[in-house]
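Letters A, B, C and D mark the chains as written, and numbering starts fresh at 1 in each.
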Amino acid sequence: MIRMFGVSKIYRNGIKALSDINFHIKKGEFVFIVGPSGAGKSTLIKLIFREELPSSGQVIVAGRNVARLRRKDLPFFRRKIGVVFQDFRLLPDKTVFENVSFAMEVVEASKSEIRRRVPEVLELVGLRGKEKSMPSELSGGEQQRVSLARAIVNNPEIVVADEPTGNLDPETSWDIIKLLQQINLRGTTVVVATHESSIVNMLRKRVIAIEKGRIVRDQQKGVYNYES
Amino acid sequence: MIRMFGVSKIYRNGIKALSDINFHIKKGEFVFIVGPSGAGKSTLIKLIFREELPSSGQVIVAGRNVARLRRKDLPFFRRKIGVVFQDFRLLPDKTVFENVSFAMEVVEASKSEIRRRVPEVLELVGLRGKEKSMPSELSGGEQQRVSLARAIVNNPEIVVADEPTGNLDPETSWDIIKLLQQINLRGTTVVVATHESSIVNMLRKRVIAIEKGRIVRDQQKGVYNYES
Amino acid sequence: MRVRTFGYFFRQAVVSILRNSLMSFASVSSVAAVLIILGMVLLLGLNVDYIASDIESQVEITAYLADGLDVKQVSEIGQKLIQVKGIKEVKFVSKDEALKEFKKQLGDQGDLLEGIKEDNPLPDFYRIKTINPSDISEVAAELDNIEGIVDIVYGKEVVDKLFKLTGWTRLIGLATITIFAFVSIFIISNTIRLTVFARRKEIGIMKYIGATEWFIRWPFLIEGMLLGLIGALISVSVINISYYYLTKTVAQSLPVIKLIPFDSLLYKITVGFMAIGALLGALGSGISIRRFVKV
Amino acid sequence: MRVRTFGYFFRQAVVSILRNSLMSFASVSSVAAVLIILGMVLLLGLNVDYIASDIESQVEITAYLADGLDVKQVSEIGQKLIQVKGIKEVKFVSKDEALKEFKKQLGDQGDLLEGIKEDNPLPDFYRIKTINPSDISEVAAELDNIEGIVDIVYGKEVVDKLFKLTGWTRLIGLATITIFAFVSIFIISNTIRLTVFARRKEIGIMKYIGATEWFIRWPFLIEGMLLGLIGALISVSVINISYYYLTKTVAQSLPVIKLIPFDSLLYKITVGFMAIGALLGALGSGISIRRFVKV
């Protein structure tokens, strides 16, 4: 489902965020990306949904080489991927409901479908009753969950989540991770960049560890830290 | 240093974020604020540096009743408090160096002072070499550390940090917490809202736990969770 | 695209205008201000043209007749004149009428002619207006070979000067209107552009969610269109009301100056400006969004 | 506040303009466009006033003298006239000169007067210009009791009409300039306001860091001032160059129309517009930032 061959990424200011990344995530896998702050996790995730293009190497997602996507195909490619952004990226002028429904409007879902599905997803992430709040009226954790709700509302083939529990207490974090697991069980490929060692250690899923832009470990049923 | 008497906060949309909060944090204390997402931690912190005013009750910080501060005294009051924001709040048009030096320009520090102190603080938070980056060119954790650097650069009397490690890996988190402890040892009052149970449990500092806007526990040498 | 999606775009645009009320207000009022100015200039230019045409239309040829023609001969010449191409109007002036007119022209000094009354030296003449005032020289040349006409006078110098002047006035008027129109387009699209700038991050977010470029564009286009339309609406209201009172006041205090009547302009300017406002708003928004929508 | 802090503000403003280059460009060009238009209107208005004054200054009184005065008497009257308050210029015209002039005025029809040559019925007269053209009636009244003057003519109706017309033209010109000036102020401050809107979040952040209101304001004020100043600079360049060529072209092709000479305007408009640009930029920025700086 997601493959990278010899990928490296050098930002415009000369910073080398990734070097020689190779991996293959199969359909239906659940993968954690771990590594210290600034290691390149977010960059890796941005390559998947083509926010950034690789400086060299090939990124192949859902059978498409992202570098070769034509401009008009890009939106349709991105609809296959639900993204939870590290910085949430909610639309500041839209309510919680509208932020989530926006993703469905984009794919021209029917009104009745939207009315049914959006509350359902908001319920799943524990945000019932916040439908009419604006993002600026939410706590950090609540914003993060709106971002998650938006990512999963269209049942995408792939969900990539960049620190989806960074602003959440352990209990809520667990609920969110369970939700991602459920989605994964239904066949969705799930990639989660995270710092939460307890969650990684508990779940025993595949772990790709990055340090200074290089994969230092790629382990099935892995833990957060080799040494621990 | 920080006292609240019967404080409650109702936001304009009618949401009751805090009810009947009472506590007293003494000069030089190190306090964790914990609680589930949406409990009211950020609201509590916003009351301390007067981003928000209490709907009822008294908030007294550094001997001043925040509700009675005159507009012209407000900036000077705020300079006593270094804040790490949950959403970082970096100035998007300024480089990392400028973001930190801005806090010193505000107090009209001398040029030589700024040239000496800013690199020193950036070194402390592990951001050496990122001086010239713009916030948009930083990873989430790097941005968070810039926010921290800015909060401590002027050696304020009080440091309040809203989830200062939410975007950091465990190791970097520990470095940051140690930094806060050092600052605390020099006499600064430190208030940290956090979800990181491992850190809270390890440090055994005073813990104020909030749930649904109420203090449910205020414990010296506390842990993250009663039950755990 | 479904009709329902279009309804969604429209609602999004309206909601966005309301939620960004400060910014909407700033841009609508700028658009209105610019269009009011453009309207003023346009009305000024049109009126200058109108007055110039009015003055030009008073230009005429005087065809002096030979002395001692009888009534039949005179009317025959009249018949011939009417058939000449380019002539609009022909009026006979007898020598007596001519003297009266001449006296009147002289005003205070008219008394000087008192002595000439008995032996009127002035000839009869035809006063001729051309369909197209600027064709006057050609038409005058045609009259030369009509028998019974002894002299053709049309103040060549004065007429040439007049046309030069009205020509210049028209040119300056047109140039001014054109410049103002371009500047207005520029300012309006710049204003709308600034409102888009303020929201450029949203555009990026929408793209990462899988919105097509047009899905992002449409609400912005509609929003720009609505902002432009509202601005235009305000401007035409102000222009119409002001012009109504201006024509009324001028008609009372300065009847010499003939302005274009209010009624005949109202409709065109209203429709035209609404169209301009809507178009420029949509364009300004569309152009500035391009930069952010791409990539 | 230290001088060094002010240097910091200035640097911040410049850096901010450069980093927000797209937005800076949009607002500078809008300011320039608005000021170019204002400049055009201002020059038009000033020139209309200039031309109106020129026409007014040609208004004159004709004081007809009694028949058969000798040279001494005539020059005595001249002496008296010069001493009358409000009179600028006095010129004697003999009956022969008068007839010649009259003929010239009649042009083609001048031949009609051929017969009168021998027995010239026209009187000698003085042609009088007043210092202040609009005082003409009062001055004329004063002349009534000077001996030897039999009639005083100054075309009361024509002069009244002329002053009514120039008065109206001036009024409309002034009104137009005033309206344009206000609209320009409005658009410029609106434009600068939009650039501040786009950065309102930064202002909040600065406050929470403990910046005083003036510490936040100064860089924005300076930035607004600089944007206004640059816009004004562009506009005065365009205005000066265009006006230079306009005066040159008009002097060649339409020497009848006397425009205000280029040199005498250049300096005032340049300085004035720079000041306006800087002031409006700073004000627009200052006013719009108030809303965000407070609380």
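Here is the rule we use: a contact is a pair of C-beta atoms (placed from the backbone, for glycine too) under 8 Å apart; a residue touches a chain by one contact, two chains touch by 3 or more.
Since the model is a prediction, treat every value here as computed from it, not as a measurement.
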item	value
Each chain counted as touching subunit C and subunit D at once	none
Reference subunit A; chain at largest CA-centroid distance	D
Between subunit B and subunit D, centroid-to-centroid distance (C-alpha), Å	61
Where subunit B and subunit C are represented by their mean Cα positions, the distance between them in whole Å	66
Chain contact graph, described as a line, ring, star, complete graph or other shape	ring
Inter-chain touch pairs (all)	A-B, A-C, B-D, C-D
Interfacial residue positions of subunit D with respect to subunit C in the complex	22-23, 26-27, 29-30, 33-34, 36-37, 40, 102, 107-109, 112, 115-116, 121-122, 153, 155, 161, 164-165, 168, 176, 179-180, 183, 186-187, 190-191, 193-195, 197-198, 253-254, 256, 291
Interface residues, subunit C side, partner subunit A - complex	1-2, 4-5, 8, 15-16, 19-20, 199, 202, 204-213, 215, 294
List of subunit B residues in touch with subunit A within their complex	11, 13, 15, 34-38, 41-42, 86-87, 132-133, 137, 139-142, 145, 162-163, 166-173, 195, 197-198, 224-225
Partner subunit D, residues of subunit B touching it in the complex	49, 51, 71-72, 74-79, 81, 83, 85, 89-93, 102-103, 105-108, 110-111, 150
